[in-house]
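Naming follows writing order (A, B, C, D, E and F), and every chain is counted from residue 1.
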């Protein structure tokens, strides 16, 4: 259960309105690596966490913080839209280049839909969606995803930081940048912790490493004609998991046969000339129908 | 420019059809962490790579390989759908539990749309989309994303590996698992290489670290009531980037003021009682209109 | 079955082209509360209506009208795009601020995809989709949704009304605004009619009111620190359905236990330390397998 | 800023796992009228609220509660998936009708992506998206939308309530149903409060009522051949806003001219035979270019 | 403007309910090539048609018919859901294989959202969206798209025709199949008519044929290793537009230089080692700023 | 399996940067008819092709070429963004109309997400998705779709060709236009080839032509009041498939009964007054339950 204070985690006060910047900040609200993503990602990870104690507690701390970041950004966006030329006509834009410059760069939906406020969308007006939030139950996989998310997030914040001179916006972004720095360091430390606790190692998931085709687990298939890749750390020496030696297949040949689909089900009307043989009748991965099953049930030893 | 051989990178021959598994494998074709994602992600990263030589060459090698993985999976899916009960009526399903078991778990669009073949969609029929592919131009940010993608990908392949007994499918998945192992190791090595080459460090992007509010760059805000998080590597000691000491804010208070939007533009008809004061007229981040600009242009020293 | 006349329900003749306004009007064509939504919403409600006579007839009257509104808006959009700077080059925009002001605010797809016409998309180019249309079969639930849709729709039309001085556009919007006024009144009257006819009451659905946990059916959980909410009509006195007295829980405590997921299925490779106990084997809501069922079938009294 | 306790608002303990029900409950998590929608809808409404005091405080109370509902549902879903046949092969499903019945009705992504937990998606695996959340800044429009959302939400919860016999699930749903009852009553009371406070009236927005074409603001256009609609409360008598008398246009004729697009821009290659006349050259809603503007700037009286 | 009769264009009466088939028919309602697509596609084409008379009239005739097809299908879907096991619990499904077979194959949203009726979605529950509808203003391009849409549509109807034995459903599908036959013939005839009327020819658009690089307008680039393609009608002889001779480039070499991006803007923090040279400062396709423009305005001959 | 050379199929070198054009070109990268669509469409068609030899080989040749077109366009987009005003502040835009003109027309995500490069999205920032790619297994249906795709594609390229004066961009587009000309001719020739090979005829699929209601397979239902459609080639004379004579139903009457849904399942809480009779209990298309089936299994002759 959650509780809320109307005080913001950090101030969000622009010096002046700037509707063009208000549009760009939508990327940090509802973009693929915006605050809605990390808040939902961490919430679902926390609820899904199967290890009691410090991991779950940590994830829920950060998740709860991130909801407050959406709030902070949404407040900033609304303030940047104050008195903005949302309701100016094109005629005004055409006759005043300053208005024109701004109107072209605005998000019309911030005015038409939200009445001058933030939307759960990105800077091109595409709505946030649930496929952005990663929560697999495997903490190593998810912490890798968290490092990646915080890295893209800080990168985007840094880019937008350069697109404004407003001291109030920059002040808030300095807080966001700092938190993104912390969160990158934090998830990297959490990865280290998983290893110290012997819960996970380097490769996700820490299993099937002997079952997989080990001979293909460390070789670079050289399939593009740039030839400098053979010089990298990924091309020779031990692999980060310590389990292989990197190699290069400089002239790789396909290992499989020629690709072909099976003969088609004639009732699906694929164009067909019989070249792949007779279509099979339904085969469901078993030969036994109901009768077979009943028989089997009555004679379980078969 | 690309070239193609009809031979598969690795074999994709199931022992028997299995349309339920064919649906699940759609996740590896067109899911958020399927082969379409990594192929498009690496292609766009390669085309966007601003460092000549080994990084770009490496990315293009792997990108080119991944297109072949989509091909391998798509071929496997079609073969698993051979002779499947796509065209059976519900009446048959109802009277034969074996058919019923399979029909419920099938993807109807593999039959109705594709005629018994793979779709560019995930295991719930949701189409692959471009927001899945990450290519920021910052190699460290993108390599973190690549590790994360390969980790989720191998995890999903491993889960599906446990959902089948078919030796042919398992053989192909052993190849996929091995490649995902390699690709995780590879991107981790590439991160190391970026550091060795002094192109990037630990935190993304490697800038604004002094400008950001450093006092907030290493502290855990304890906002959820589980209290074990203070015991982790993320709570004390040096940060992975070596630039901070982790701390815990055990009873954090908001630093900002009470959140409030500005007074609304009256032409947008927000419900308003005047409590936030008079709405401002348009303010575009500048006071100068056209006349001001012309004046400024003629008298640039003002 | 439908019939069509090429005459518009109302005129749609702008005085002058205005491609920036043409983009904004896309919100009324294909936005979440545009004409495509209400036409599809009412069509599916009408087809799904299980009460013969006046309700179904009413819904189909309005649904049929709304298709004509899409037509009216689409015609207006095309006319606003006449002779527009769709095919001007950036060079022209850069050298003529008037063109520049317009080009930035245009929807490029109206030119590139539609050749100067309306699209089934909103003002940010996001396509209309079927999740917008609500048709549940419960008329009270759907009429509430219809009031809400017409309210948002009239609000958006009113906002855009303020963004133009074109007398022709304003004339058409005066018709749209009037119809939205009527449709709000209409659906409110229809809600009243449902009550008069004793088909529905206030709360949707009109059932399970005794079965639900009545003690939680009228209390405000005070979870945010603003303390003025206790003064509203929702905080004390009888509820609109006459079935409860509003109360306030000013310091609410969670009623549930600490959230935790179950022990994970080991074959899904969640990170796990055993802290939630042994994973269960499959349990499908029943203990009987096939043998049990056959036994049960033969001995139905068990 | 938010705080969190790991205790759930209400218990979420099923008696037994039931993966088919776990899929259906996704509708209440991430569907168009699920808990993610109302939590995001209320959060954005609260942040966008331009009236200090009881309205904002109320919205934030409810918004904060709803995040906890997502948590409650997500926990329930994970528990319903315990020990589920996620990792069974099709072969098992085919040979055991009980497993087959369940596997067909499961959401494969709950296993493959989430490792046996809830997803931010609906019951068909379609991800939650930001277009679901309505927050216009007009409180009457938004409270109508809130009534509608809670009505659909309670309707869906009631439907799912009938799809299970599990006493634990039913117990939680009894809480959800009760809260949905309260929230419907609450938003209806809030609508009444807006009227008492003279902030809004019946029609949204409370403006332009004289400017719109009043003669079209109260008439039913009879466009479908069912003839019972003329008997309803929407067909005669005063309108709910008290501002009109309902009427019926029993044989309505179109008021507009024949629809036609303008002559096309020849550079966009529409098929054209000249029948609509000569295409116009660019006309931007103004005749003045840069020179005109400079002239105007220097001679502001023109 | 539209009018409606409640009589269906053709009967839609199944002999018996069949919820599995009801799900599959969603593909014909709201799939990429379902009736919603063609109705919206033809409506927008008709509204966008720049040729007066027979083309526009034809498109509007067919568009109006197609809305009635959505109605027919939606009615059929609701009837197939009559008395269906929507509200059965998993327990029943597990104990009765006949119920289990059906429940797995059902669309849960038809029950939970629509209360036993059709949805504006496809057979995997993905909502219809506006990107499916093609209306470019170029009639030849659009008629090609119409032939393609009707072809996919009849193919899908034919596939579903084979998935049912219900005489009522088959009767309706025989009507749909016939209309799809007519519509394919119709659009092919309309293509012929465009040529007879000298409005369009074979290639879309009928322009820039001399300006394009003609030497690349008729050659097959042989980039995949299957070598049978050189034997087709597309490899030699005159092209269908009569303007070229087909040829084969059997061993094609790239014509362009090595791909490389430009040096990055340093404020966007791409990883960069300087290997592509110094980043340029902003260059907007022009060298002139405001001063230049004012100068140009005053001295237009420069 | 694929291989790659870093050399582009054709040059992609603009004379100057132009970020507005870079946005428009996104339509050709990731729009519904952009290069991502045709590359994925042809790849899935090729993998799904059930006819050995020239058809499959052809499709794979073209598919492989199209991946290279995505590369060419992506490279062009990055170059057009060189030194662009991505990181300028609104203040600069407002004070320099040339910058303002450009900033309004830019795609902010090309800077914020991609760091100055192409995205897998269209010109309104909507991501490419898998529903765009058509691959049905029926070659005639798919070749019709391919003609349509190449026609829309060339049309869009031609429109953009007119939006730039840059000789480098125009040079690349001349290549694209030529390839689109070839591909239209090619797929038209391939349709001819299918007929020569007696694999398909005119209507898709080439079946059920006698089973469908032939009396409805050639008649124009005149449902819109424009009356010129009766004069077209689609209104009289033989149909293109030679199997019918076109006719016109000038005053068509519906053939079906009044549309009505069945009585609703009471547990789904549709509003209902009993007017459609008693709801049926579950009827699954069969009367036999498990006992019936076991009985049938033991006594197969019944």
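Simple rule for what comes next: a contact is a pair of C-beta atoms (placed from the backbone, for glycine too) under 8 Å apart; a residue touches a chain by one contact, two chains touch by 3 or more.
Which protein is which chain? UniProt says A, B, C, D, E, F = Catalase.
Fair warning: this is a prediction, and the values are worked out from it, not measured in the lab.
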item: Interface with more contacting C-beta pairs, comparing D-F to B-F; value: B-F
item: Listed pair (A-B, B-D or B-F) duplicating the C-E contact set, over half by residue number; value: B-F
item: Approximate Å spacing (C-alpha centroids) for the pair chain A (Catalase), chain E (Catalase); value: 29
item: Geometric centre distance via CA averages, chain F (Catalase)-chain E (Catalase), whole Å; value: 4
item: Junction residues of chain E (Catalase), two or more chains touched; value: 1-9, 18, 32, 47-48, 53, 55-56, 60, 63-65, 68, 71, 75, 78, 86-88, 90-91, 94-95, 97-105, 111, 113, 115-117, 121, 124-127, 129, 131, 136-138, 140, 155, 158-159, 162, 205, 207, 223-224, 226, 254, 256, 259-261, 263-264, 267-270, 284-286, 288, 290, 293-294
item: Complex interface listing, chain D (Catalase) residues touching chain A (Catalase); value: 1-9, 30, 36, 40, 43-44, 47-48, 56, 60, 63-65, 67-68, 70-71, 74-75, 78, 90-91, 94-95, 97, 113-121, 127-131, 133, 135-138, 284-286, 288, 293, 296
item: Chain C (Catalase) partner contacts - residues on chain F (Catalase) that touch it in the complex; value: 18, 20-21, 23-24, 27, 31-32, 97-98, 100-105, 122-126, 155-156, 159-160, 162-165, 223-226, 254, 256, 259-261, 263-264, 268-273, 275-276, 290-291, 294
item: Residues of chain C (Catalase) that touch chain F (Catalase) when the two form their complex; value: 1-6, 47-53, 55, 86-91, 93-95, 97, 99-101, 103-109, 111-113, 115, 121, 124-127, 136-140, 194, 197, 199-200, 205, 207, 293-294, 297-298, 300
item: Complex contact set, residues of chain E (Catalase) against chain A (Catalase); value: 155, 158-159, 162, 267-269
